[in-house]
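Below is the structure I would like to discuss, written out as structure tokens.
Which chain is which? They are A, B and C, in the order written, and residues in each are numbered from 1.
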Amino acid sequence: MSDQAIRLAGLCKAFGRNQVLRGVDLDLSGGQVTVLMGANGAGKSTLVKILCGVHAADSGSVTLAGQPFKPETPSEALRAGIVTVHQNINDGVVPDLDVASNLLLDGLASGGGVFLNGRKMRARAREIAAAVGLTIDVSRPVAGLSLADRQLVSIARAMAHQPRLLILDEPTSSLSAAEASRLFDLIDSLRARGVAILYISHRMSDIRRLADRIVSMRDGRISGVFEGPELDYSGAVRAMLGHEITEVDITIPQPGLPVLEVRDLVLRPGARPFSLTCHANEVVAITGLVGAGKSEFASVLFGTGAAVSGEVRLDGKPHRPASPRAAIDAGVFLSPKDRPVNAVVADFDILRNLTLPFLKRHSTAQFVRGASELATTRRMISEMGVVCQSPTDGIGTLSGGNQQKVMVARWMAEASRLLLLDEPFQGVDIQARRDIGHKIRETAATRATIVFVAELDEALEIADRVLVMSEHSIVGEHRNENIDVSAIMAQVVDASLPSAAGQ
Amino acid sequence: MQSGSPNAIDLAIKYGFLVLMAGLIVFFGVMAEGFLSPHSAVFILQSVAITGILALGVTATLVVGGFDLSIGAVATSALMLSSYAMVVWQLDAVSAVALCLGMGLLVGLVNGLLIVKMKVPDLLATLGMMFLLVGLQRIPTEGRSISTGMTLPDGTTASGIFSEGFLMLGRHRLDFILPNLVPLSVVFLVLIAIGVWVFLELTRHGRLMYAIGSNAKAAGLAGANVNGYKIAAYMISGTLASFGGVLLAARLGRGDVASGNNLLLDSVAAALIGFAVLGASKPNAFGTAIGALFVGILLQGLTMMNAPYYTQDFIKGGVLVIALVFTFALSGRGGRARG
Amino acid sequence: MITRRLFTALAATVAMVPGLAFAAEMPKPFDKPAEVKIALVRYLSTGDFFQAYLSGVEKQAAALGVDLRVLDSRQDAALQADMVDQAIALGVDGIIIQHGLTESMQAAAQRAVDAGIKVVAFDVNVENPKIPQIEQSDRDLARLALEQAVADNGTTWTAGYVYVPGIAPLDRRDETWKAVKAANPGIKQVAEFGTLDNPIANSVANQARSVLSANPGINVVFAPYDEFAKGVKIAVDEAGMSGQVSIYSADVSTSDIAAMREAGSAWKATAATNPAVVGEVSVRALAQLLAGEDPGRSVIVPPTLITQKMLNELDIKNMEELGAKLPAFAHADVAVPAWMPLPKR
């Protein structure tokens, strides 16, 4: 095949102990839109970062138009024709500069002359803008543009480099339908010009509209390549989420009284209202793609966000916490996702991390009782099986799995009415994941438990019931017995798919 | 720090600064006659009492990941306010002190609200407050210093006096080992240092403040009232700074117009040097007190050896740089890169 | 204002030439004083000294009945030069330049002179023969204080000295101190210290205590700036050495008077020029120039010695009483032609 724009062979990359890419082989051809799908942590963004020169691969090779390609800096990758439009639109533009300066920024940064010729710059900028169908005054500051226009600016800026490969990372996540369709037209015209396009998205509507080929990634490997006149969308999703469930030994206990009752909750304007009930002695998993509204739901329950309308009751009483403290006092605990950002206090040791939310219970007259803290920490370390030297080890000395055990233990150290765990298995090895899951089920009798996970495997491993969330609403409910994985998959991917109605 | 066998670098990080201080004491003891005496020790303590108290306030803001540039100005404002209260309004000592502490509390509250509610970055908010106070303290007297019997802008003569009780705060000396040895301000420093240490290390509030400084988001999701504690930290800082100003007024016996920038710089230096003490790599009350003492010992010794004033600034800066190297480079774990 | 000015003018006229209509006796342009505009262009303004100086300028200007504009650059050298140009644009008849830097003010002063404006300068050398210099004599200040120190302690003593080099008035006072030491070999200086870290008194107190404990033999401290003296006094009190140390200084303020008068105070004497008088003299010298008279190339305002003993005997509590009870301090017979109206006292 001579039209290969770029070929990746055996790419591996590890960060510390964490093997992120485990040998990626992939060809990308000009004039073709390849959609890359993968759950969080599958390695998509690392792959992109290697291609655009942010990271270097540990092993493996990249060949660009027949030449070996090893960019050491983003600007080197850019000069070689690899252009990336990032998910966060503002990463691609400088808001304080005008459109013309933004469009010509890469030229400015890489040198040539000291003084700027305003008129010449604007003329060149207008040419570039016109090429992507952008019809705005190039002397306007970018800060005043809509998100969609900003994105077009960053794509237009990319186009100035005669790209061989254009990488778009979730480009429609903050665009309206009309804006997205403008973007798709642009992508069509680039495809027609023979540019290879790598399009990363979870939105099935985008994928249906654009994809010539779908590549699924899972656990640092390519887990499926789908091409041909009829693309197998469900197969692609299955390859991305994985479904080789290893003998799920869930015995569903008799649920207790209802603890959480949600009635007609609307998470954001325009979303469909939904209702659900969680009982004591029940573990419910809510699954769905990134951005489906799982974290927003958790926020409403934990007092960090508000719903548009609807009612939440906890043990029969209205539950509308104004702050995490209020939620905690009501017996609703949340172990948040993104451990390093939302949970770990890096300066603290295990003990101090573990007792953080319940210091009051370890204090007499505002003074912390060390013995009480130590006893609780010792107990939780042994119950969760945290591997450490002592309770006073710095949290940073632990592996990711053990850190996560401490973060979950933080909320299991005290009795709760409703325990929310948002992505509790994020960045955790398989053993720690089993340990944590086991512990969650073992202690579930006295409370209701909701686990928010994007990966279906994880949901099936832990839950009595699996709820599927899409477009900020619950679209499916499955008892975790002889479960129909493909039905869940279909609901995960798109609520309006005909197969979703089957349930 | 806790794990692994102690090696030379760990020991150097942990005890290096204390060893350096001990070495300094021995050096001055040999070189400067009279350095090793109870009197000299008390002199050192007294010279660092005011900056030490301010530094303990800065420490509170550093703990929550903030910074208070206004403390110097708060102190000099309290200096002016207490003098004005007694000389012009003829208030008694207790009311004057209460007024100043209230002023410090209020300034801290405003700083905290600016930072937490108005989202003004901490350095900018407290910088603004600093300028505001430097100007404000000059308005009532049209830039004059305040002293007993001064002439007011309207031409009348102020008839109030600095009450004996007030002056005692800065001048009274307690019998300890030798008669009339320990000034009250030193006692205040020691009490405040212990109080701040106990608060930060032993109470749950201190623990939560450290958590906020390390990861405010995680602390908030663990139920801590992040905004409340941040505001409280600035109120502690403002109150301690105003108390420092009261002691200054009691020592000087008049209200001097001053920006307080030297007080600010010295106390920030003490708090930052404190990062290096016992390898804490974080703001801490014990380290701050030692940091203040370290600077005091250095300056006392150098002055006794007739070193000119500009070399003293140079050496102060040098000590700070060394302390920061101890904290950030040698311990290799960064602590919090502020200031 | 009106009545006081009238009264002043009346009193002055009556005192000098009784029986004549007062306006007629004033030389031009002071026959119509309200039409005379003068500007004070300041470099330094915060602090008691500068406040008092300003009050002197204001009083003398009021006595003359002229229109005074005060332009304050707040230690901004460039701004001060611009303010001279601003004053020229305002169409003033005379300018007083108060402090500043020779480098920044020389050209600006020349521009004012070129514009036909009369200029006097206080404590800044603008290197212009047409511009009289108003000076308080720092050498005389130091000399008076040191003469008192010798009178009190004889010519053999152990001295501590407070000094920060590079500050013009302190450098001039330092010259006198060196001369006195050279003339009296019995005076032995064992320590020199000083700092301008503010609050200055507090910082100097910290240093002075270290110095006193290192040199317990010191019996005289020469601190030729009142903030220094205040700091030394705090240290002496704290060290319990008030009985054995004497402090001699320069400059004075209300709080200095209180400190000198404390029971057993170590602060024995200070020499001072009344800044208000310097302010008055500045305006009078400018007025002479405007009237076509020559106040001289340099107008020196003589200092006054103020001792603890005088203060106690006359029971002086503040600057006003100092002026009232020590006439030499309240008024200087400098730049006073017969026609010059003086401020009311």
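By our rule, a contact is a pair of C-beta atoms (placed from the backbone, for glycine too) under 8 Å apart; a residue touches a chain by one contact, two chains touch by 3 or more.
Keep in mind the model is a prediction, meaning the values are calculated, not measured.
Undergrad: Check B-C against A-B and say which one is joined by more contacting C-beta pairs.
TA: Here the pair linked by more C-beta pairs in contact is B-C.
Undergrad: Let me check something: if the centre of a chain is the mean of its CA atoms, which chain is farthest from subunit B?
TA: A
Undergrad: Centroid of subunit A to centroid of subunit C, CA atoms only: how many Å?
TA: Comparing mean C-alpha positions, subunit C is 74 Å from subunit A.
Undergrad: Could you grab the centroid distance between subunit B and subunit C? Build each centroid from C-alpha atoms only and quote it in angstrom.
TA: Inter-chain centre distance comes to 36 Å.
Undergrad: How many angstrom lie between the CA centroids of subunit A and subunit B, rounded to a whole number?
TA: Centre-to-centre distance between subunit A and subunit B: 46 Å.
Undergrad: Report the residues of subunit B in contact with subunit C in the complex, numbered from low to high.
TA: Per the stated touch rule, the residues are 32-35, 37, 39-40, 43, 46-47, 50, 76, 79, 138, 142-145, 147-151, 157, 171, 173, 180, 183, 248, 251-254, 256-262, 299-300, 303-306, 308-309, 312.
Undergrad: For subunit A, which residues count as touching subunit B in their complex?
TA: 302, 304, 323-325, 328, 334, 336, 341-349, 352, 356-357, 359-360, 362-363, 366-368, 389-390, 392-394, 396-397, 410
Undergrad: How about subunit B: which of its residues touch subunit A in the complex?
TA: 1-3, 202-205, 207-208, 210-211, 213-215, 217-225, 282, 333, 335-336
Undergrad: In their shared complex, at which residues does subunit C touch subunit B?
TA: Going by the criterion above, the answer is residues 45-48, 50-51, 164, 191-203, 205-207, 209-211, 213-214, 216, 230, 234, 237-240, 253-255, 257-259, 317-320.
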